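A, B, C, D, E and F label the chains in the order they appear, each numbered from 1.
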Amino acid sequence: MQPADPSGVTETAVFVHSLGLCESPNVGKGSRIWAFAHVLAGARLGEDCNVCDHVFIENDVVVGDRVTVKCGVQLWDGLRVGNDVFIGPNATFTNDRFPRSKQYPEQFAQTIVGHGASIGANATILPGVSIGQHAMVGAGAVVTRSVPPYAIVVGNPARIVGYAGDRPEPAGSQEAIAPPTKPGSIRTAIGNVTLHRMNHYKDVRGSLSVGEFQRDIPFEAKRYFLVYDVPSAETRGEHAHRECHQFLICVSGSCAVVADDGRSRQEFLLDAPSIGIHLPPMTWGIQYKYSSDAVLLVLASHLYSAADYVRDYTEFLTLIRASDAR
Amino acid sequence: MQPADPSGVTETAVFVHSLGLCESPNVGKGSRIWAFAHVLAGARLGEDCNVCDHVFIENDVVVGDRVTVKCGVQLWDGLRVGNDVFIGPNATFTNDRFPRSKQYPEQFAQTIVGHGASIGANATILPGVSIGQHAMVGAGAVVTRSVPPYAIVVGNPARIVGYAGDRPEPAGSQEAIAPPTKPGSIRTAIGNVTLHRMNHYKDVRGSLSVGEFQRDIPFEAKRYFLVYDVPSAETRGEHAHRECHQFLICVSGSCAVVADDGRSRQEFLLDAPSIGIHLPPMTWGIQYKYSSDAVLLVLASHLYSAADYVRDYTEFLTLIRASDAR
Amino acid sequence: MQPADPSGVTETAVFVHSLGLCESPNVGKGSRIWAFAHVLAGARLGEDCNVCDHVFIENDVVVGDRVTVKCGVQLWDGLRVGNDVFIGPNATFTNDRFPRSKQYPEQFAQTIVGHGASIGANATILPGVSIGQHAMVGAGAVVTRSVPPYAIVVGNPARIVGYAGDRPEPAGSQEAIAPPTKPGSIRTAIGNVTLHRMNHYKDVRGSLSVGEFQRDIPFEAKRYFLVYDVPSAETRGEHAHRECHQFLICVSGSCAVVADDGRSRQEFLLDAPSIGIHLPPMTWGIQYKYSSDAVLLVLASHLYSAADYVRDYTEFLTLIRASDAR
Amino acid sequence: MQPADPSGVTETAVFVHSLGLCESPNVGKGSRIWAFAHVLAGARLGEDCNVCDHVFIENDVVVGDRVTVKCGVQLWDGLRVGNDVFIGPNATFTNDRFPRSKQYPEQFAQTIVGHGASIGANATILPGVSIGQHAMVGAGAVVTRSVPPYAIVVGNPARIVGYAGDRPEPAGSQEAIAPPTKPGSIRTAIGNVTLHRMNHYKDVRGSLSVGEFQRDIPFEAKRYFLVYDVPSAETRGEHAHRECHQFLICVSGSCAVVADDGRSRQEFLLDAPSIGIHLPPMTWGIQYKYSSDAVLLVLASHLYSAADYVRDYTEFLTLIRASDAR
Amino acid sequence: MQPADPSGVTETAVFVHSLGLCESPNVGKGSRIWAFAHVLAGARLGEDCNVCDHVFIENDVVVGDRVTVKCGVQLWDGLRVGNDVFIGPNATFTNDRFPRSKQYPEQFAQTIVGHGASIGANATILPGVSIGQHAMVGAGAVVTRSVPPYAIVVGNPARIVGYAGDRPEPAGSQEAIAPPTKPGSIRTAIGNVTLHRMNHYKDVRGSLSVGEFQRDIPFEAKRYFLVYDVPSAETRGEHAHRECHQFLICVSGSCAVVADDGRSRQEFLLDAPSIGIHLPPMTWGIQYKYSSDAVLLVLASHLYSAADYVRDYTEFLTLIRASDAR
Amino acid sequence: MQPADPSGVTETAVFVHSLGLCESPNVGKGSRIWAFAHVLAGARLGEDCNVCDHVFIENDVVVGDRVTVKCGVQLWDGLRVGNDVFIGPNATFTNDRFPRSKQYPEQFAQTIVGHGASIGANATILPGVSIGQHAMVGAGAVVTRSVPPYAIVVGNPARIVGYAGDRPEPAGSQEAIAPPTKPGSIRTAIGNVTLHRMNHYKDVRGSLSVGEFQRDIPFEAKRYFLVYDVPSAETRGEHAHRECHQFLICVSGSCAVVADDGRSRQEFLLDAPSIGIHLPPMTWGIQYKYSSDAVLLVLASHLYSAADYVRDYTEFLTLIRASDAR
């Protein structure tokens, strides 16, 4: 998709096409500025970037290394783009929620694109959102809210439809590990996450699902909570716990759980009151795709403690690696 | 409603109207047989019964003391009627599920009416059912299944619509004790049964209800079970536990709980995931009026033990009284 | 259906079958008491009544003239039966809402059957209800609430399904007068009641129905009210106004209106926001068969005045006749 | 359920209890009239009937042989009862649809009870209906429409819930023959009726079910018809064809088919577009339990011919037996 | 977001970037044409416009003063743009509803953008629509129908989700004035618009809402109309009356009313039959967000008169100012 | 919409604007390359193309004759564009489904645009799809799946909403030929396609629609199939048969049929079980707009044969023309 490598550019120099215009001195080595592209003087770009035809980059813009900016894209004041980001053709950023001609907000809204993220062709990004690392914005999507790390969003307005797995494809599209059909538990590919089938019985008077805390729940439960009335487009979780174990049962309706141990991630479907999943500490957990009648029962090994939460994915990865190093 | 006391009858004699026909020698003192009534030779009736005009009583019938049988009723072979039962006018019993003329089943189905029960006027009782003690069958009801103690049933087919309270009126019609509006618990009029409001939070992303096991649940939970997919006409429970505590939360939809400590009974509505009810041991509990989407979460203090269940209400009362005597 | 006329009875005497038992001296001339029937001493019956086999009549019972009581019926203490009433075979009355053997209420509930009413075979009448004049209780119905004059009720529990017209058939089953299809009004067979089609327009943006008060509404509206959230089994109205005009439009859903000018009655269906009906003063009006989403808009010519309401149908007829006599 | 055999009655005589009253000379030998029962002079009863206590039988009544009339029943003018009929206690007949006291219809509605039928206890039969042979009216049912042969009806108003099989139990309650799970056909227990599974395929674009006329349909189809918008309480069919084959597929929703070869009957559920059933000529067929969205596709081997229909079950049996005799 | 002011441009001159191409002599003073932008010879632009990089402007285009055209936008033949319009980056106009290569319509569809309007980034505007003054087209919206003044539209296809208030934010997002909770009325911030709570009553038979015309409605009603069956995406109203008062009650379902007195505007929710709103003459009124079951009752002080309607918002403002000046 | 014809270009030469950049020697005569447009060396363009301002065309791109590429479009490696294609302004193509910066798929997905197709302004085309000949992609649509010939798609994601008729307007928007209201058939404007009304009857027991195979179906049916459970956005058919006749009846719900005889096309609505449509051989047929409960019954004159299908529309046209030539 990128233009052929022009013969005259070396790895240490910046290439500017004869019909391109680069006014900034702060462009990293190996980066290329193509025909009809225009980089203003204040912009800062990293190394090995590719700025295609008809791109426009304003002054208060910072772009990382190895970033691809396809044709027809503008990067406005206030934008911060991480390393290894892909921005598809005609993808459009904004920096004023209610723009009026010649009326400027006191401060332009800042939009942040995390490292490794991809913005699909012709997508529209509303002002002030963050695109999480490795997130993928679908072509033509209109992003009105921040996108979590690894999330895949599509549509207008954009909704999360999956999470990128180890490869760029959605985690949920890979071979799923089904819960056991008989009471018991199995290991998954994600850290110490286990999938459980609880005892269950059904007769004409209704159904019954049973669990014994000591035998069936892999920790002593000190707290429970119920999550319900969740709009179907909502995502909850997006955090890890430092010490707290969680055991999740979707007791009504259904929802999906994405578990991530910092190395890989997978999606699990909880669609029966007899299915449980154990998320041990230091598992990044996400719940989404709630059916309208979903009620999620969570058993937790610890009382609530704000300090136990890791809410930033980058911090989570740092902690995982520190733990590995030990 | 009963005929005026004829002058010639004493408390120790049986009165038979001059146009009545009593062929049985086994009728207790003080009982009265009125005009056009007919008691066959094998029937046995207790004391102080009132058998009104146009009643017919077959041979293999046993009736307790102080029973009222209103006009137009027939008591067929196989019927057993406890003490203090009221049978309304034209109420109709049966003893063959698929009757054909001149074809008799090997054994007629036996119908049992528990002591203190009332059968409404013109009700129809299908063969082989039991009417629990103090149960109340509504006028015109068609009873196709057994009726639990104290239950009130109406309609065709008859459905449980309530439970008789201390007085004959339904338990649910009395001034209900609402759950507390703020987190915490309150005592009810029934033994040590307590109603609880759990911590709960609501925002645009959905709702959350939280409980800590040690602080919010009045016992150590060793087991949970989930009851769901209950047809709306079903009743569950109808038993007490000897040692096991239970804590009930209706986590989706709604259901009603009747609690009975052997002295009085009351009905409670669980219609929010933030409401809990604690049923301590030796509480007779009933759950019914399940909404179609109801999911009931029960936390229990003991693992399952068949021996812990008291399933017979009479035995339950005996145990309660024995406990009181101690 | 009635037994053949026995040869020995004259119009001025009471006939009692040789196997019947009549203990009351207060039975009107021309009445007949048949085999195995039993009338207690305190009962009072009018003239030309027919008391069939196996009937039982208690003491505190008053029965009008020309009443038919078919086989297997009991009339309990507290019952008041008007003239020209028909009581079908095995129809069953009650006088205690929550009967328990040997426990009597302080006062038995009184049941009133208005003149000209008919109680269908094997119907069940719960205690304390009133059956309005000329009402018709369907065979097998279980009547749990009072029945308005002329209403036809069926089912368990009994629901109003129509109103008896000039002939015994339901008013709604006769040839209905449809509202005009073009804007304007037409007279109906009932007094000065008129049916109106309002101006209405429809396009892709929705529908519009319009009325001008002076031109389209036949009186000056001083008040409006909206009736909504009416349970589908409910009946409203059942009264006339002395001076107030009403104009009814069912602006959402549908409902039926029965109009009665004291001579005849007819049922009208309001199922479009463009249909109106004018009920002038001294029209007995009933609204029922509300759809679940029905909203009825009523324009009234007078402010609310309790004195303007005639709520008793007998009084209504009296006023109509007085007015006719003038 | 019937009274014990009195010692003094022989098989050739009519027994009348000393407190009973039989005014009719037309009662067959071996019949018994019990206490407080009353048979009017014009009634005609067959042999071996049992008329229990408190029964009343009018003049224009004809009753077959071996009929049981339990206590509290009245048989009104106009009633015709076949052989081997069972009438449960307090079952109530009627003969005037809109009864008013002292107002008689020109002719009473005639009710017919086919031979072998059973009327459940306390059932109510509205005027003018026919109860088909071997039909079974449930206890407490209110029958407002005619009941086909062998049909089982319950409720208020009564609805068909099944068909009596070889034994009195419902045909549908016996071990059902499921359709084959792979494409092909199997024989059933009913004559030459076969159940078919058609080829079918399913993918994300929808489902496909396919049949070849020559290979998959056991006759040459000359006509098709579609039955739809059937109210769920309706029954269709209730006839046989002399020469026409039919092949039924429920292409939307579901319905039940009862097939009867004159010897036995069975119920089949058509709940998928890939299930077919072949009803060869001289099969009595019934379709009922239509879901609200049911569409039944019928392929027929002959064009429509009124003469091909056998609509009377008795005639159907006669034809079957004549065919057998050949 | 706009490029930094180049040092060499004065307020009275037109600035054209050295890499830009302006072929038109009709560009107002103070306007700037940036790099890689191309203005054809026939185009006419007002003063102080900003035409950013990569913009293309055809010949038959008229642009007002102080218009901002962000990067990547094309203005096609037939487009008319008012003063103070903002056109976001990559926003895309069209002028042929069914384009085929080399086939041209007889006349290109004309698109009009009212003064003060804003077109969001990457929005798509279908041919022939009008964007009302001060309207706001959301980023990424696909506009398929004309947009009323001040309306805010988003989505694909674009729907009205609000109306811009005094500030650019939606009128509905500001602190709303709730209707009084007790019968009575309160003033709002908009002219003489008042919010009313009508008398209302609720019992088991349904609900009742009542109004007296003289006391509760602030004018004599000469006409009513009912609006119903409005598709949920529709907007109605969008006009003012010169003399006519209106009183609006949403008698079923709910809808929102925006009232504008020419100075400010606010949104009100009518979601109960007991809420009314009075829109006096010279109030610009809009109704939208109709629920699917909404029925809006409007009482009007005048008969219908086309001359009473002000349908053009600009004319409305002119009239308001003329009235103020008097 | 295209820029005015520059004076200096002749019909046999290629015009390149002085500010445009055309590096390819393979551009057909009469084509024009406008300002700020950039055609790479490997691209091949046909004759009479129009490449507007700010267009970018990569190397591995082949474009047919008479193609219009409006401003702001990029044509990426792998794209193949037929003759007479229109590509609207800012329409955006893609060639990598899950793009990551600097990670390239082994092969870029190839996108094909059939001849005569139009891509609406600002539409987004996902990688690897085919746009069928004469198809029309709505402005702002996001195309995620291949688009059949002549189909009109809009929305995000794009759905088929119609098929282009003889003129560019949708086939369904033209004056439709309604099926006959009485049993019988009528010819349509499409080849030998006929619309049929089958015999049908309706009563309270439901509805009946009947067809005789010889009289009502214009061929001998050898096979039937049922299509059901089709997601509402799905399109089926999109093929012709060489020899097989088909007769379609939508026996539940509704669907639309587009019939095309290679000369013109029209859309028909099947919304009643009594409507049939005959598609003779060599009719290109499409079924879509399935309601959620749609069941389509198809009768076919031949058994299944893969060789009988023509699945490529171009081949279909070729066959039609060959047939015409004979």
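The working rule: a contact is a pair of C-beta atoms (placed from the backbone, for glycine too) under 8 Å apart; a residue touches a chain by one contact, two chains touch by 3 or more.
Since we're looking at a predicted model, the values are computed, not measured.
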Handout entry: Set of chains adjacent to chain E and to chain F
Key = A
Problem - Third chains touching both chain F and chain D - result: none
Problem - Interface residue identity across copies chain B, chain C - same or different by half - result: different
Completion exercise
Comparing contact pairs by residue number, the option in A-B, A-E or D-F matching E-F for over half of them is A-E
Exercise for the section: Would you kindly give the rotation angle relating chain A to chain E, two copies of one sequence, based on a CA superposition and rounded to a multiple of 5 degrees? Expected result: 120
Handout entry: Inter-chain centre distance, chain D versus chain E - centres from mean C-alpha coordinates, in Å
Key = 69
Exercise for the section: Would you mind pulling out the distance in Å between where the CA atoms of chain C average out and where those of chain E do? Expected result: 57
Handout entry: chain B-chain E separation of Cα centroids, rounded to whole Å
Key = 65
Practice task
Find the geometric centre of each of chain A and chain F from their Cα atoms only, then give the gap between the two centres in Å, rounded to an integer.
Solution key: 36
Problem - Shared interface positions of chain E, touching two or more other chains - result: 36, 54, 72, 90, 122, 142, 156
Handout entry: Chains touching one another, given as label pairs in label order
Key = A-B, A-E, A-F, B-C, B-D, C-D, C-E, D-F, E-F
Exercise for the section: Going by the contact rule at the top, pick out the chain E residues touching chain C in the complex. Expected result: 202, 204-214, 221-231, 234, 236, 249, 251-253, 273, 290, 293, 295, 297, 303-304
Practice task
Provide the residue numbers of chain C that touch chain B in the complex, in ascending order.
Solution key: 21, 36, 38, 40, 54, 56, 58-59, 72, 74, 76-77, 90, 92-96, 98-102, 104, 108, 122, 124, 126, 142, 156-157
Handout entry: Residues of chain C defined as touching chain D within the complex
Key = 1, 3-4, 19, 35-36, 48, 52-54, 66-68, 70-72, 84-86, 88-90, 116, 118, 120-122, 136, 139-140, 142, 154-156, 164, 168-169
